[in-house]
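There's a structure below that I have some questions on.
Chain IDs A, B, C and D follow the sequence of writing; residue 1 opens each chain.
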Amino acid sequence: MDIGVLLVYGILGLTVIVSAVGLIVSRNALYSALFLVVNFVAVGLLYLALGAPFIAFAQVTVYAGSIMVLFIFVIMLLGAENLMLDEPLRGQRALGILLVVIFLAEIVLYYLLRTTPLQAIPAIPQTFASPAEIGMLLFNRYLLPFEVTAFILLAATVGAILLSKHEGPTRPKPGIQKPETPVEG
Amino acid sequence: MNFETVLPLAPWVVFFPVLGILLNLLLGKRLGEKGIGIIASLAAGLSFGVAVLLALGLAGHPEGATYPFLRWLAVGDFVADWNFRVDTLSVTMMLVVAGVGSLIHIYSIGYMHADVRHNGEPGRFRRFFVFLNLFVAAMMILVSADNFLMLFVGWEGVGLCSYLLIGFWFEKGAGGIANAQAAKKAFVVNRIGDFGLLIAIFLIFYNFGSLDFETVFAQAPQVAAALPGVILAITLFMLLGVTGKSAQLPLYVWLPDAMAGPTPVSALIHAATMVTAGVYLVARSQALYQQVVLAQDVVMWVGAATAFFAATIAVGQYDIKKVLAYSTISQLGFMVTAVGMGAAVAGMFHLVTHAFFKALLFLGAGSVILGMEHGHEHAAAHGSHTEGHHSAFDPQDMRNMGGLREKMPLTFWVYLIGALALAGIAPLSGFFSKDEILADASLHHPAVYLVLTAAAFLTAFYVARQLAMVFFGKPRSEAAAGAAESPAVVTVPLVILAVLAAVGGLLNFPTTHWLEKWLEHSLYGVEPARFILSVALISLAVALTGLLIGWLVYGRKPLEDARQPDPLARPLNGLFLALEHKWWVDELYQAVVVKPYLRLAQFLAQPVDQGVIDGLVNGVGNLLRSTAQSWRRIQNGYVRSYALTILLGVVLVVTYLVLR
Amino acid sequence: MPMSYYLILSAAMFAIGVLGVILRRNPLVVFMSLELMFNAANLVFVAFSAYHQILDGDLFVFFVMTTAAAEVAVGLALMVAIFRAKRTIDLDEMSMLKG
Amino acid sequence: MIFGLHPLLLVTFLPLIGFFIILFLKAEQKNAIRWTALLTSLATFGVSLAMLALFDPARGDLQLVYRTSWLRVGGISIDFYLGVDGLSILLVMLTTFLTPIAILSTWSAVEERVKGFMAFFLLLETGMIGVFLALDLVLFYIFWEFTLVPMYFLIGVWGGERRVYAAVKFFLFTMFGSLLMLLAILVMGLQVGSFAWNDLLAQRQLFAQTQLWLFLAFALAFAIKVPMFPLHTWLPDAHVEAPTAGSVILAGVLLKMGGYGFLRFNLPLFPEASLQAAPYMAVLAVIGILYGAAVSLMQKDVKKLVAYSSVSHLGFVMLGIFALTQQGLAGGVLQMINHGLSTGALFLIVGMLYERRHTREMSAYGGIWKVMPILGALTLIVMLSSAGLPGLNGFVGEFTILLGAFGSQVLNSPYFAGAATIGVILAAVYLLVMFERVFLGPVRVEANLSLKDLNAREVITLVPLLVLIFWIGLYPAPFFNLINPSVERLVSLVQGAAMLAIH
């Protein structure tokens, strides 16, 4: 493997890690969101490298595009850029970091101590994971999950609309006016 | 009279009074006092009539018989029938109960008429007669019982009536509650005795296989030979019952307090009949007692000790009825001594004569009290009211009396007869019956004889004291001065009783011994009664001496004023104080039995029950609660905390996977 | 590239996401951290899909993405609703449901 | 068959019909609801009389048996299995007899939420009758727990000040005991392959090895219900807080379920263990007698006094049962009835006073006999019956029990009965003290002067109880005739096991 490829992978990996760290440490939620976009794009590139162009593009359009827009929109709407970084829960931060470190160490150790190391990823043919292939699979074997997902999305949409609909101070519906409460100007 | 034809009448001795109760309960309100009194008296009288018929029947058939009536209780091998035992002993008791009872019923018509008005509750007239009839019924069940269970039924039944009648004026007495407390005391003390009787009954059943008198007494010698300890236990437990019902040491304490009941009640229940039930029981169970000498001795000594002890207390009392009450206890002691010695006939003889003269004395005392109340009300009405507050005046206090001989002559004369009979002056009835007991004691138990003679002396002494204080001297209160003779309905029964008290000695007159011949058919191992001239003369001399000394102390120089101390108070000093305070026995019991029990109960109720037991229960609850209280902190509501916990779980799972 | 590159990278991403969830009190950032964790998982899916030359992994990523979109939509709507009611979206303020 | 229905089914579920009718009535129709409840309970009493007529007292075995397969779980059939014998018939009669009386007593005492009250009451009646009739252990358990719920609400909703505490205590106590019983039932059922009482009895040897544990599990449940010392502390609280009718049923019937459980299950199913445990149970019973008597003397609240007296009285029942003699057992059964009548009546009386004065402190009374002569006289009789006066019911039961315990070969010592007899003295003490404080003496409190004596309805609620009090006291033979054959069978069963144990 030549050094250029390694470098590219190294930079990508570093981007992923750094943007993730940036996401959780930045004071401003807006910055977090932007870090996340960077992260998504970097991961999308990795998808491309793994021979999954459809997923990569979906990643960029759905995640980096629409979902992040939604995030930023809500951040702006609620004015929630100001972030509270202090920790009122005693021991939460220390214990959290400790556990995460252990977790990570364990996973890494696990890979290192494996008796049968994983092979390198074989060369990927061009036709693998082409949109056509994915489409075939999606509408044959995974038809039912696909439809269910569609339904979930629909339900989520309806739910989101219902939740965020503004219910102002009860406005009497026209026609169903209670007689004992006179309407005042 | 043919015995077979009268025998089926036996249940009516119980059911006439029961009928009286029902009639009075149903119709009493409409009949008025006269009707109520007549129905109740008729019920008792008819009961007496049946008893007379039974007695006449028995004359030709003295062995007696049992009239089967009802299978009362049958569980497994335990069978108890309600049968009526008609033999000379039970019929003698029936005659006394119904005879004296009828007279007292009649007397009560007049007495209660005044009493309910004096106490301001005319509505209770009916209640009194219902209770009185109930008493006769229960007493009849007791004496006609053919087994120990039915005897116990009657035994407790009369105890109930005693309770009801002592507490008849339940809102009166010291502090408004003394009468009720006296009633309670009587019931509870009796219950202690009943406990003994119950245990005796259980022992009898398991060692004789039956409670029927016939079966038990027939087997007594065999069982006694095989299990002497058991018979001793039976007789001693039975004695506990006797001491309760017949007011013997150590359970006599209820009887003086029982004088809180209306006077006819004191006469009927607490002098003539109920309290003699214990004597009857021992007489009836002679077959058992004569198997163990030790038990006999114990009974005898209990009786003798009581006879002397109560007589001493009687000397120091001021309440006219209290004197009679202690006198009753003392006389019951004589009877118990007699039956304990095996001289059951003498004991029964004294029981009968005592019923006559003590009923007479109580009714006479009642008449005196009526006169005093009358005088008191009279004085109050005329405004010359010097004794102080109305409620403070005690019409039963002998210190307030005096000189009633002139105001109430008839009462005085009959009272005198009763008192002399009690003192044992020949030829009145008490002389003969007491003498028979003394004669028997002198032969076998000289020590007992001495004690009884001393008691007889004291008896004569307090009789003289009472007579002097009540009837002689000058009136010491306005009430006494204004006292008047009681109406005929009161005095007629007095006269009848006086006659009986005077001539009752004929029943077992030394030459004829009718009673002995009558009773020997139903009493076990009757000892022939003896007349010992020396003993008779000594006892007569002792009685006369007692009377004389009493007269010298109290009669020669009568009390002038109600507040004047007793002439004996100075010479006897502390001793008289002890007599006045009844040797502090009540206080002793209070300190030794009542208080500790209350303290124990309080200890169990508060620290033990609420503290330990319930505390343990609530402690378990609280433990759970506090545990949950500390554990709920984990569920703090912070999502991030939960997430951390999840992470912890993840780490643990991964650790497991890695280390596997 | 060796598989361990993707796996360790994914683990690191996941761990950082967890940290974000645990440490941040801003629910929006928490959401984003969740997305990070999704992505970590997705990366492994895609990597193994390539490793085994089977498409199912990719399809799972597709489904995860749609579901995540739905989740974000509902979650953000909830956020808005909560903000309206409580005038704050501090996660630590939302601790009513406790023992 | 009555109206084509099995009498036991009818007597069990007739109250449920009334329950459903009440559900369809409006809450405001208080009188309609009351009358429905009363008439239903009276009809149930009528049916139970018919059941009594169909019952053959000479036979000691189970009669009028109704059995149908109900549930099938894992190859084991749980049957809907009802039957009656001498042990249970009087208790069923007591239940159907006391329920209308209790309902009548609420006529003016319960004014709020009448609908719920009556509905729960009828539900409770079904449960209680079911407990006494059920012969399948699972069915028994279901009825047993079923009675808890209505009683819980009767105390918890219509009770006094600390009603919730009392209700929860009552519920938890009973539940705690019965869970172990459920476990024991399951163990036995799985071993034998049936939950029916006579199947278990026939194949007793299958669980003979573990019977001591099974005995203890059952005994705990029943001892709590009875309640035996030292598991009694829920009772005073429950009684004090419960409404009058609830107290009547609680004392009159619910406590009897414990004693009945011992008779029906513990003795026949685990005879060897019963023999082994008898002295210990008797010790607890005697302690209960004396302890209850002492503690009740110290109570200031009349209801609490009566509640503790129940501990004492039921000690007698337990002593009789574990004397394991004919007299002891028969006396125990009868004493359960007696206690139901006397204590039920006492609670009614306390309720009548409470309705007038709204206090149960004895110091608030005194001299009531003077102002309420009818109540005074009736109370006197009831009090004496409770004190075990001959001629009234209490004596018959207590005497038989003590007689049975005195010569019991199982207890093998007269001291148990001897100590228990002291309880007879103590009973007189606390009852007389109670009577004295409430009814005797002068009227000390102004408010008591204007008390009205009982009205006709109140007299009618008490008189049936008094009639039975006198009947049992004066002529107990008919009652013993009903009890004796079954008790004989039970005794021979236990004695037979004792024989085998010796050999």
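Convention: contacts are C-beta pairs under 8 Å (C-beta built on N, C-alpha and C of every residue); 3 or more make two chains touch, one makes a residue touch a chain.
Keep in mind that this is a model prediction, so the values were computed, not measured.
Comparing each chain's Cα centroid with the centroid of every protein Cα atom identifies chain D as the most central.
Once the centre of each chain is set as its mean CA position, chain A and chain D turn out to be 68 Å apart.
Computed from the mean C-alpha positions, the centre of chain C lies at a distance of 64 Å from the centre of chain D. Here the spacing of chain B and chain C, counted between their Cα centres, is 96 Å. Between the CA-based centres of chain A and chain B the separation comes to 101 Å, rounded to the whole angstrom.
Along chain C, residues 18, 22-23, 25, 92 each make contact with two or more other chains. Along chain A, residues 89, 92, 96, 100, 103, 107 each make contact with two or more other chains. Those residues of chain D in touch with two or more other chains do not exist in this structure. By the document's touch criterion, interfaces exist between A-B, A-C, B-C, B-D.
Listing the residues of chain B that touch chain C in their complex gives 631-640, 643-644, 647. Chain contact summary for the complex, chain B toward chain A: residues 638, 640-641, 644, 647-648, 650-651, 654-655, 657-658.
Contact residues of chain D toward chain B in the complex are 169, 172-173, 230, 232-234, 291, 294-295, 297-299, 325-327, 330-331, 367, 369-370, 373, 380, 384, 389-391, 395-396, 399-400, 402-404, 406-407, 414, 417-418, 421-422, 424-425, 428-429, 432-433, 436, 439-444, 475-477, 480, 484, 488, 491. Of all the residues in chain B, the ones that touch chain D in their complex are 70-78, 121, 123, 149, 152-154, 156-157, 160, 163-164, 167, 170-171, 176-177, 179-181, 183-184, 187-188, 191-192, 194-195, 198-199, 202-203, 205-206, 597-598, 600-602, 604-606, 609, 613-614, 617, 621.
Taken in their complex, chain C has these residues touching chain A: 1-9, 11-13, 15-20, 22-26, 28-29, 31-33, 35-36, 39, 42-43, 46-47, 49-51, 53, 55-56, 58-59, 61-63, 65-74, 76-81, 83-84, 89-90, 92.
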